[in-house]
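Heads up: the structure comes next, in structure tokens.
We just call them A, B, C, D and E in the order they show up, numbering each chain from 1.
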Amino acid sequence: MVEQVPLNHALIVTTLMFFIGVYGFLTRKNLITMLISVEIMLNAVNLNFVFFDNYLFPGKLEGHFFSLFIIAIAAAEAAVAIAIFINLYRNIRSIDVEQVDKMKY
Amino acid sequence: MNILISHIVVPTLTALALMFASTQKQVRTIAAGGMTIQLIQSLVLLYFFLQERAGGNETAVLFTQSFSWYPSLGISFDIGVDGIAVAMILLTSVVIFTGIFASWEVDKMYKEFFISLIILATGVYGFFVSLDLFVLFLFFELAVIPMYLLIGIWGSGPKEYAAMKLTLMLMGGSALLVVGILGVYFTSDVEGVRTFNILVLGQHHIPIEMQRIFFPMLFIGFGVIGALFPFHTWSPDGHSSAPTAVSMLHAGVLMKLGGYGCLKVAIFLLPEAAQEMSWIFLVLTGISVIYGALATVVQTDLKYINAYSSVSHCGLVLFAILMLNKTAYTGAVLQMISHGLMTALFFALIGMLYSRTKTRIITEMGGLMKVLPFLSVCYVIGGLASLGLPGLSGFVAEMTIFVGAFEHEDLFHRVATIIAISSIVVTAVYILRVIAILLMGPVRDESYHNFPKAKWFEKIATVSLIVGILVIGLTPLWLSDMIRESLGMIVDKLVLK
Amino acid sequence: MEYQYTLWIVALPLLAFLINGLGSGRLPGKVSGWIATIAIGGSTFLSYQTAFQYFSSPSREKVIAFKTTWLRFNETLHIDMGILLDPISVMMLVVITTISLMVFIYSQGYMKNENGYDRYFAFLSLFSFSMLGLVVATNLFQMYMFWELVGISSYLLIGFYYDKPSAVAASKKAFIVTRFADLGFLIGILMVSYYTGTFDFDILTNPDGLNFSTTASFLGLSSITWALLLIFMGGAGKSAMFPLHVWLPDAMEGPTPVSALIHAATMVVAGVFLVARLFPLYYAFAPTALEVVAFIGAFTTLFAAIIACTQFDIKRVLAFSTMSQIGYMMLALGVSGYGGEEGLGYTASLFHLFTHAFFKALLFLGAGAIIHAVHTNDIREMGSLRKHQPVTHILFLIACLAIAGIPPFSGFFSKDEILAATFATHPIYFGIAVIVAGLTAFYMFRLYFIVFWGKEKKYEHAPHEAPTVMLIPMIVLAIGSALAGFIPFGHYISSDGQSLTLHINWLVAITSVVIALAGIGVAWTFYKTGSDASQKVIKALGSVYTSAFNKFYIDEIYILITKGVIFRLIAKPIAWFDRNVIDAFMNLLAAITNWVSSQIKEFQSGQVQKYAFIFISGVLIIVLSLIYATQ
Amino acid sequence: MTVQELLLMRHEWALIAGVLILLVLELNFSEEQKSKSIISAVVIFTIITLLGFLPAESGSTFGGMYVTDPVRLLMKNILNLGVLIIFLQAGSWLQTKNNYNRVTEFYLLMLSSVIGANFMISAGHFLMFYLGLELLTIPITAAASYDQYKSKSAEAGIKLILSSAFSSAILLFGLSMLYGSTGEMYFSEVRFSNDLIQVLGFVFFFSGLGFKISIVPFHLWTADVYEGSPTNVTSYLSVVSKGAAIFVLVLLLINLFEPLRLVWQQVIYGTAIFTMTIGNLFAIRQQNLKRFLAFSSIAQAGFILLGVIGGSALGMATVIYFVLVYVFSNLAAFGVVIAIEQYAGKVNMADYNGLYKTNPRLSLVMMLALFSLAGIPPLAGFFGKFFLFTAVAASGFYILLFIAVLNAVISLYYYLLVVKAMFISKSESPVPYFQSDYPTRIALSACVIGIIVIGFYSPVFEYIKQLCLISF
Amino acid sequence: MGTSAIIFYTIAAIMIVFSLLAVTARKILRAAVYLLFALGGTAAIYFMMNYFFLAAVQLIVYAGGIVVLIIFSILLTSHIEEKMQKPDTWKIILTSILGFGGTALCLFVITNHLFVAHPATGAEATMATIGEKLLGYGEGGYVLPFEVISILLLAAMIGAIVVAKRNKPKGNG
């Protein structure tokens, strides 16, 4: 695959994916869907690391491990985030992000 | 112990002791005692200083002592005084001493009041004795901040607004000072570890293009507290809202930090830029002088009158400083002292009158001469000093300034000088106006006859200030010589060019 | 030094002032009066001693009796306090102490029932001290200082009745107007000192040692001319020369003895003294300035004499008369030359100053005695007082004759010299002087006839003769007025210090006497006989009379300038500007900060997505700007 | 791997041990004894803090993943001091009825977050840095929603976790770019070359750190989270979390990103101005004191950037010094806010009216704290701020300095507003007199002593400067 | 264009499409499922690059863990059939501009950069090397991060429990 797909193409894919995540994060109303968007962004980053590792620096596996840890952290983050969402849901019976604006200015 | 350090230690200890005082009587006693000691040691300092000078000690700065503080930044607690500083310290001591007596009857949170007042004074003393820019700046801000609480808590009228405005404007000035001080610190060609020591910095050169940037900063920075037009507007509001002693101390001493700083920091360290740019500020101060005086003419609130006249008088200080010669400098310092004494006297008297009449609007009063002869006579004496009557301090100062200003021959300086001189007429107008409306004429109200006569502490306050005014007014030679001698350092740098 | 004791001449009144001032309210009234009188008596004695000693010695050199440095400005300029004795200062010492002593004694009676007796004597002593200090000043600056002190004591004394609004206003006016004049004086001093490097009269009055550039520097006049003109401005203020005269008539609000001392005999002639003191300088370097002096003097003398003819307040008539007489002196100085016969004007001027002091003080004291008796200043409410106050009447008549210039009273001699001096130089000035001589005689005798003759008026109390303590000083002054003219004045005082013998120029003398008699005659017909001729003349003159009666509206012009222009059009707008522009600008900064703060609050919308939006935009913008910056 | 090497990680080991001990204790405490864990946590943490001050060597271990030197130790110690004070102040809050059986958990979360901070400071590898950052953040997001029955607390948690997830994604994207262009993750081996892609990577990376420090425009979460979180957590966020990020920023910029100096100086130049100004502009309109302190801390972050921008030993020293001062000042302010919130449940400015009449000591502490934050002599904040200004002037950025001092004036305005409320304004019903508990008093006294002494006692700064010079 | 390239582009297309769907789907559960596809696509790419372990982790942790977690939470907090409101048009427009701008900017930078490869002597991503590296404490060893992440997971667990657990039910607090 290294030989057949230029790195730039791979990076275009990841960048697109990243900004799709950004788009989702900025537009989705539901907190959980925002979390989904973050996961997409992280996924794009993971791909980035792996592509670089695979294309440019094979053998050191640094990008590979980085991705691994990112996945783990993403899981932890998601767990805490969901706990907080549920907590919020208990409090205000909604997980609409636009309702979460009691504190402002 | 070095007498200069004890000048800082005594008020600090007094403030500490005050924290443990409980009754009003104790508080008064401690405050008055502490400041009496301070006054006495200031006189002793003066005596020692003159003694040293008489003994042929020609060193520019006496009683020096240096404690390394932040060696890696070149900050050290350097202290020492020249004639100017001695004079200013003495002024401070007199004013704070009388200020304590003028606020004898403060009964709201009296402990905090005196503590703040004395902290303020500590800042002022520190400012005058320090030879290190950093320390000087530290004390400068220390002196400014208690003002907020003093006006805010014990003031009258729109006190919160006034206190905030005053504090912010003065701090705005000190913001400029920070830039200026650091600029001087970093651009002077000191070898090795940089230093904040004024004397050392004074021996080194700062590139002219840098001077051009930092001179206005330092000058305006100090000028704000010296009521430089158009940065003077904190003064009327601040003074009118402040309690008596605070107005006294502020107009009497704090505003002098401005002139002192302009002279000993801005001009001393940045002489070339001063020479180049003085004309700009000369215009501003010229405006200050005449504008303040004219604005005073139509005021009706006693404190506004005094505040605006302070703008005019302090404008004269800065005006003289910008004349960049020895005579004018001497005049500037004399004017600072003279104005300090008489404005303190005015504010003290205004406070005393206010406590009786419950108003400060002159048109609502009248005929006080008949019912309060002592205070009225004091007011007249203050007024006469203010309009420059020979035999009182104002005359000495103003004449020295005018003679100094006249040493410039070019048309610009001449015109500026003549405009400034003409303020003496306007001064006469507003002083006499106040005296005529306030003190003379028929007694305004029957109830005035029930006013208590001047109390002992009021007499102490006013008499001490009048004595000061008279001493300077009648025998100015020692003082002006003492000041002149200290100016060599500053003037020499100007000649270098 | 042999003249060391002259220090006491100045110091004694100061002591009296200090004792009375500090002891105010504690000393019994009588005592303070006596302290002051004794002090001034001592001064008087010492002054006579000095005069005797000085004039009996052959030389007329300046003597520095005492000198000490008071304040040092720079290497060359310093203010000294000292005592300078020369012919004119010694002469002035004599005049001042004599008149002072008389007034002090007179005041013991006059002020007897007033409140603030001690304050009165304190101020009076302060005045004497200042005036004495002024005349013996060794340098310009010392003179300026005492000049100011004289001004302030004048202020305090005019405002002696401080609960009377008119007195307060008058004192304020007097001080401010003279202060304005002193501004010129001060600038003049500064200019002179800048060019000469000294304040000392020693050097200044010895023009040989000085070197001024007389090339025009400003408006076609040399700087020294400007300087001397400005100094003359100070003199004009104090001596109530037009247009700085407005304070003098109002100054009559003060107690009458004060008017006699300050506003007739001593302080108001300080301007003349000043010009005389600097006369060599004027003559050598600024003839233009001297011309101005002459012109102002001539104008004022005529102007004041005309107004004097129309006034009804006894003291105001005298005040305008004083103005007129001082104008005379100024005129004489202005036309004077230097040395020998040329310097006749100088001598004449000071001679007139000398004689005028006596008879004008006498007139005022007499007026005081009258006012004391009738409790009014308005001459229309007086009449036939000769019956009630015979002694005063005689004394007043002597004074009137003296001022009218009827021989052999002193006024004749001094006035004659002035006329002679003008006659020799400027025919127009001579004409004016002659007219004024006639007017003087007229208005003085108008006064005299109305007050002492005329119809008996209704008085609240029957007028009574003044007490002895008031009469004695008047008698002394009357003797002086009558006889002072016989002093060989030119022998002692002349422009160049050389003795000058004064001759009577018969042509001039006869003219002046004739015109004076004519004036008296007119007054006689108008007022003695009770005819209504005066009313007709007034009608005929119409608006000219009205404007003279209203002092040519100069006061109104002043009020317009001060209240209308300076107060309303300058000071008020400035105060407004300060509050509403400068201060508002500072507040505006605060308001802008607040406004911006409230405008940008939407950024903190509480919407976490908007936060993220700003976050990522921030990142991208930074990247973009960095790319832009690097390319 | 030698013991010597393991000992290099003393701080972290001690903290991990602390976590374990607390866990064990927690299991052994009965329901009623839960409050004992407050004392045990404080004691344990005191020991940890003291241990940190023992002399230690510098070096690196785990193949360069972990580095330590005196400066880093000092940073950790400063953070430990802050945490200790926070622990002391937290007691009264943890004893309220909603929290009584969740005491240990709070300390565990805090401790793990501190571990993250420590690892982040000592990171020698981007992965360690990232892990540290996440470990610093994630437990705190949970702690931010600790007040389960308050919707504001939940809201704070939401905002914090979402923002931080978003920002760490962006940071990671930047990291991936840096990785792609250099191929190295060890700090010791990364070589930057000022390529555009590295600029991009750096900015993305910087935004992640800037998020933690609350640099404008990455600051927007700050106020809301500070307001909603339990105040103890807020103080942790504003002091420890922010402090750690600042330390890392200084370390990384000066060492790692040195080749990009021109780039980051520009970035910091701009963001510093915005941070100070925006922080101030928002602070002046706040009524809620926690929110107020949030914006004030944003402005303070802007000032701190002044020390960073020089990129010199002096700048580093001033930053560390300022953070030290800031720890004491800010925690003193928060301490008062916490005490009053716990006693009276009030956090609004108007509630502080007339406080001096009833609670003079607390008011004085608050005043000192605010004055120190405002940089008023003779308090430590004055020295801190002046030295920061010195650092920026040393680099010649006079315009930046000028803007900074003007901002210092604006900041004085709003600090004075609080002082005004306490000392000048009158109130119908001021917070009545109360006595706070001993730990709070100890904590506040410590802060006050710190505020007063640190400035006067110059060896503190001299020592820091010395260390920075050595490690530079 | 070789097979792997075709496969890659196909998977890439799938990933992008499903990502897009995941961030736009109006039904929330569907969004979660689309996410699963996107993540699966990523795993496929890992497989293609012979990173089997990573692919497995991706599937287990992401697809198996996170997505399940998400779905659970969706079930807890939402009505499945409920359609979400469409976001504001303005929001969409602005965000799209931002998204496109950001993409363009990043791609501009990325495509203009010449990536330089530094191939090191090849350790294959076999389980053995991965295990060695993960537990190695020398240079290139990841035992320390491994330890740290265990603390992190512990802390996250505690955090999640503390936040989600309600010890005393209290009406509607």
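By definition in this document, contacts are C-beta pairs under 8 Å (C-beta built on N, C-alpha and C of every residue); 3 or more make two chains touch, one makes a residue touch a chain.
As the structure is a computational prediction, the values presented were derived from the model and not from experiment.
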item	value
Chain-contact steps, minimal, separating chain E from chain D	1
Neighbouring chains shared between chain B and chain E, ordered by label	C, D
Pair joined by more contacting C-beta pairs (B-C or C-D)	B-C
Geometric centre distance via CA averages, chain C-chain A, whole Å	96
CA centroid of chain A to CA centroid of chain E, Å	5
Euclidean distance of C-alpha centroids - chain C vs chain E, Å	101
Inter-centroid spacing, chain D versus chain A (mean Cα positions, whole Å)	27
For chain D, residues that touch 2 or more chains besides their own	127, 131, 134, 138, 141-142, 145, 148-150, 157-159, 162, 166, 170, 177, 180, 183, 196, 199-200, 223-224, 285
Contacts with two or more other chains, residues of chain B listed in rising order	168
Multi-partner residues of chain E (each touching 2 or more other chains)	91, 95, 98, 102, 105-106, 109-110, 115-118, 140, 142, 145, 149, 152, 156, 159-161, 163, 166, 173
Full enumeration of touching chain pairs	A-C, A-D, A-E, B-C, B-D, C-D, C-E, D-E
Contact footprint of chain A on chain E as seen in their complex	1-2, 4-5, 8-9, 12, 15-16, 19-20, 22-24, 28, 31-32, 35, 38-39, 42, 45-46, 48-49, 51, 53-54, 57-58, 61-62, 65-66, 69-70, 72-74, 76-78, 84-85, 87, 91-92, 95-96, 98-100, 102-103, 106-107, 110-111, 115-123, 125, 129-130, 133-134, 140, 142, 145, 149, 152-153, 156-157, 159-161, 163-164, 166, 173
Interfacial residue positions of chain C with respect to chain D in the complex	593-594, 596-598, 600-601, 603-604, 606, 608, 610-612, 614-619, 622-623, 625-627, 629-630
Chain B contact footprint on chain C (complex, rising order)	25, 69-74, 77, 79, 141, 144-146, 148-149, 152, 155, 159, 162-163, 165, 168-169, 171-172, 175-176, 179-180, 183, 186-187, 190-191, 193-194, 566-567, 570-572, 574-575, 578, 582-583, 585-587, 590
Chain D residues within the chain C interface of the complex	158-159, 162-163, 166-167, 170, 196, 199-200, 203-204, 207, 211, 216-218, 220-221, 223-224, 263, 266-267, 270-271, 278, 281-282, 284-285, 410
Residue ranges of chain D in contact with chain E within the complex	1, 16, 19, 61-66, 98, 101-102, 105-106, 108-109, 112-113, 115-116, 119, 125, 127-128, 131-132, 134-135, 138-139, 141-143, 145-146, 148-150, 157, 177, 180-181, 183, 186, 195-197, 199-200
